[in-house]
């Protein structure tokens, strides 16, 4: 794709001796939402960690716009415009909800949380003074998403964002993601194992299996049955 | 007041507050023998907190929790477990540095004291039981694998297995299928249906498909209070539940 | 207490109250640096005492220079020398973090061993540079006198000075940690280094500056303690145990806890050493700390969240 | 060269026709290094002077130095090493009583010789040790006499660090004050070793208004003690304070300005105005730098090698038993920097006591010199 | 037999390690060194007890005790009290004001033996006390701390405070304890002179055997279910608790075990060195004991012995060769080990020697789990 804001090519990665990702290749256009679907242990989280520079990676290229990220430290990558919602939340549990969001805010925001974030997750406003660690599981997940959005990224990586979130908010989230890409220059990569959410949210689908993409299609052509097939072997 | 014989767990007027915030608010809940109860409710409704209260991780502000005539609110955790209450945590909580076999063995209810541990022997009965449980949780061919190397879903199963081996009368599972793949969810549903025979099970879950497949009865919590209770059908169409939880 | 005049007793009450307060400020000043390094970052810095010693030696060094080249500046140099102490201890801390500490964040317990080694090395360096004997920086007269509040009440000026300094440093640290965006980064980094990186915080820089800051504050403390204590290669070791005690008792990770803990230990100790013998006073204070930690297993002001 | 080795040494000591090995055993590291450095320097000075004069029995003295590291068990280990591996003919060393007590059994077992320089609590006499510092009665009684007389002191406040020397010394002092001087002890207090906070102690002292503060605080605490005294407004101008634990070494760490007007009871002060001392001071500074302070213990340590040389030469042998016999003969005396000293058969020295009044420059003016005092390590009735 | 091999020696790896260790300390050292050096090594090996105890408490129990010296000291003092009483017979103390009591009591104007010293006339009592007293003390601390779920640094700091308290008390009550000097000048054990060369050899071997036995006992504990439970505890304490175990009682047990093992070391120290002093009870020696265990590899029982030997041999060698600068070398050693061999001596063996052997035997590399970088390191 020519107007790709985020492009990955030849990405290899793994843990210690064992390679998990094998020459992954994909790109995401501005204002596009891409879903990476795959069963347990197929390498979704590994992919995201490698993209973020949390895992060292074993070669390949990751670009945001024209900028090559491979070789950069994690915070530099974030400053180049990617943001990350890890699987398992990883919120700062001893800090308040407000402070958690503020860690993501750019210096220019001067610690003021944009209204739209609270509009998205009203519960966070109610609980802004509470310690992050005391939130319920789902509330923490919402906080992690808000924290990533606060960095005002060009590319947003969401690793199984619906885990533990109540159905109404999942529906809301899908709507919101679509909303956000309409309003802002942003590309979203989201990983999931269940189809319902991504069918609501994503423009394009990849299926990852044993560290390789085995299926790719745009929403218009997507056959839910086929993907479900991959997901429920 | 004597407990109705068929009621295993009776929660009455249970309240817990954190710095003034009532996470659970005068809750009454009764679970019967052989029942599989699903608790649903919005994020932050107090579901996990209820389980914490039952198993003694959090102490209640007021109210009582009775499990077969035993008052649990003041018992230390390990006594609650020994009384027959097993609990699975929201994130898989297993011993990553031990093998599947050892994980199960440690959970086997024998040799729980210091001396018991020192003189503990792997008898044939124990081995048999471990194998039985392992095959029940689809891990019979992974006995020697380090638990840390299992997939997410397998870890969840292993933790369920660790509870099963204690043969608890009340089993509580917090979001057992979160992060599981579709096929694993199916297998888990099947597993739960199987193990609910002969004991009571409380499950917390947000996946409605899954709930539908397992629930005998559904309780909906909201802001620490009971919002609705009944079979899946009635709850799903309850406008209040749709409003606060399911969404339109 | 028979045999003493009322005014005697009154002045003792005042002075005793004051010595409790000044012990409080001493403990607090000692503990602040460690509250950052240990309480926030989780580094068990056994060389913390040696960073204090750096500060003390800087006062000595400055006093020698000033006495030699600018005798007229003597009455004022002390304040200036404290800044030097901060800067030097900060710089040393910066390099120590770079060379040693940053490799150990993933294994916090090993920092104990490494910094113990570091403290041995630093002691030897002091000995080689400044000699094995104690030295005594010449302190300005205004600092070492007493303020005669009334006929019978003498308030030590060095106590007042340390008190003022510790109020200053504490408020500085407080603002830094809880009111600045930098503090937010520090706390995020220390809670989950990798995740902090993933929200765009330059954790390496944050770690290095935070550690250096803690060391710098230790330097300030050491500098201030030249007014009440000794300056020798091993002087720092006199403070290290109390310092850890104060930080841990407060509840690691909580600055307010550190303040509370310094206050309560100081008051209890100063009261008990007045009524009991010195040694029994100390023993009883330690016992009290143990009992209270038993009742509050995570320190006076635990930074607890549900797990 | 002197007589052949076979004649002067029958015990397998490290003696050859040309040299003899001795050990120096002090703390070079740890908290005690602060105090022990001077002693070590003085011993080396004496040995180099003796070597320059031709050595002992025609043999040059070679030194094996070991670090006791401020740790008593280490002292014992190193003493054992010096005796059993290096076969040293004598050891110059130790500072604290605890280190000496740890070394003592080793000395007695291996029949070694120790020259011990520190003023100490007494209650000990070993054939294997020569005590070149004063024992407690020598340091305490004359000094108390002096304050009682010149300051008309009746009330005393005793304060020391919490270990055996201050406690034993204070016990003697208390007895002497009440029984002989008919004064009163209004307070007695021991600070834990290493404690740095004297606020409460100082307030207690104020409450009692003692005529004399009688102090034996040691180590890093000593500096805190005097600095906090000064800051509390208790200075030499208004308060008589006699200390047993401040020599020029400590004064350097405390800062002369914090000591002005206070008194120390010692057998030696650097400022002593005699030709012997001036030469000693000059030599010492030539070897160790012009600012190196010389305290009581330093000077006593300097006496060790000289006394040993005299005893060996008197015995005509390095053999420990013969040297001990010579030491116990009661005929060894030496014109030390502090003046003539006499080695008594009880292994202690007959010396004088001096009272020094501290000046801002870290030196003391000697305001009193006692007559010679016989050493009495086991005083009756105390 | 098989179960002895598996449970007490720890299978093949463990048995080989034990054998090598036994040969090193029981054969090689006595052949290589004279009695003076051997006695020194014997002294180091007594510290190794404390290090082995710490491997159990810290490495496996997961609680860092900064007061292990307390137990070492308690064990040592109990034996020292017996020996001191034996050394204070009427003949050798005839010059005292009160003959027949230990010399330091006489110096402190005590005129009768304090009551709590009386039972230490009996060797049996002293030995029992040397084992039971530390265990009891550890039990009291353990119950007070672990039942209240004091853990982590709080536990460390408390044990440190306990060490400080005990030191102050021992030093302050010098009439009863010998104060800072400790209990010195110990000579005979039931009339047997412990200072002769032959006695030193005997004590050295007794010490070595006891050390090997202690390691075997620890091995047994670790290979039992309790060992796996400890591993589980370090991993997920909550899960263990919710599997029906009383977590505190396990921590208390392991803490007491560590205490008793350290105490044996203290008792052997007194016998071999001939005195006991508060400088073993305090904070600094306790930290040094932690360092021995850490250099050894924290979770390796045998490594702890080598770690102790390495550090002490280094200390002795450096300080003999460079009496003025040896601290630099020691500091360098500690930092070097931390940076280069994160798992200490044992790590050197596991990470370098074993793979070499494995490669030599051309075994398949095993799959290992890499620590998740996102997980909090705690």
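Going in written order, the chains are labelled A, B, C, D and E, and every chain counts its residues from 1.
To be clear about the criterion, a residue touches a chain if its C-beta (ideal position, glycine included) is under 8 Å from a C-beta of that chain, and two chains touch if they have at least 3 such contacts.
Since we're looking at a predicted model, the values are computed, not measured.
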**Prompt:** From chain A, what is the lowest number of touch steps before chain D is reached?
**Reply:** 2
**Request:** With centres defined as the mean of C-alpha atoms, identify the chain lying farthest from chain B.
**Result:** D
**Request:** Compute the distance, rounded to whole Å, between the mean C-alpha positions of chain C and chain D.
**Result:** 35
**Prompt:** Rounded to the nearest whole Å, what is the centre-to-centre distance of chain B and chain C, using the mean of the C-alpha atoms as each centre?
**Reply:** 49
**Asked** Using the average of all C-alpha atoms in each chain as its centre, how far is it in Å between chain A and chain B?
**Response** 30
**Item:** Intercentroid distance (Cα basis), chain E paired with chain A, Å
**Value:** 52
**Message:** For chain E, give me the residues that contact two or more of the other chains.
**Reply:** 168, 171-172, 238, 327, 367, 369, 373-374
**Item:** Contacts with 2+ other chains: residues of chain A
**Value:** 54, 86, 88, 90, 134
**Complete:** Residue ranges of chain D touching at least 2 other chains are 28-29, 162, 190, 192
**Request:** Going by the contact rule at the top, pick out the chain A residues touching chain B in the complex.
**Result:** 39-41, 87-88, 123, 134-139, 141-142, 160, 163-172, 193-195, 228, 231-233
**Prompt:** Where on chain B does chain E make contact in their complex?
**Reply:** 55, 57, 76-78, 81-82, 86-87, 89, 93-98, 102-103, 105-107, 109, 111-114, 117-120, 146, 148-149, 159, 162, 166
**Request:** Under the touch definition given earlier, write down the residues of chain B that touch chain A in their complex.
**Result:** 18, 41-45, 47-48, 90-91, 151-154, 175, 178-184, 186, 206-208, 244-248
**Prompt:** Any idea which chain C residues touch chain E in the complex?
**Reply:** 38, 42, 44, 46, 100, 103-110, 112-114, 116-121, 123-125, 128, 191-195, 241, 244-245, 248-249, 252, 279-280, 282-283, 286-287, 289-290, 293-295, 297-299, 307
**Prompt:** Given the complex with chain B, which residues does chain E contribute to the contact?
**Reply:** 220-221, 224-226, 228-229, 231-232, 235-236, 238-247, 249-250, 253, 367, 369
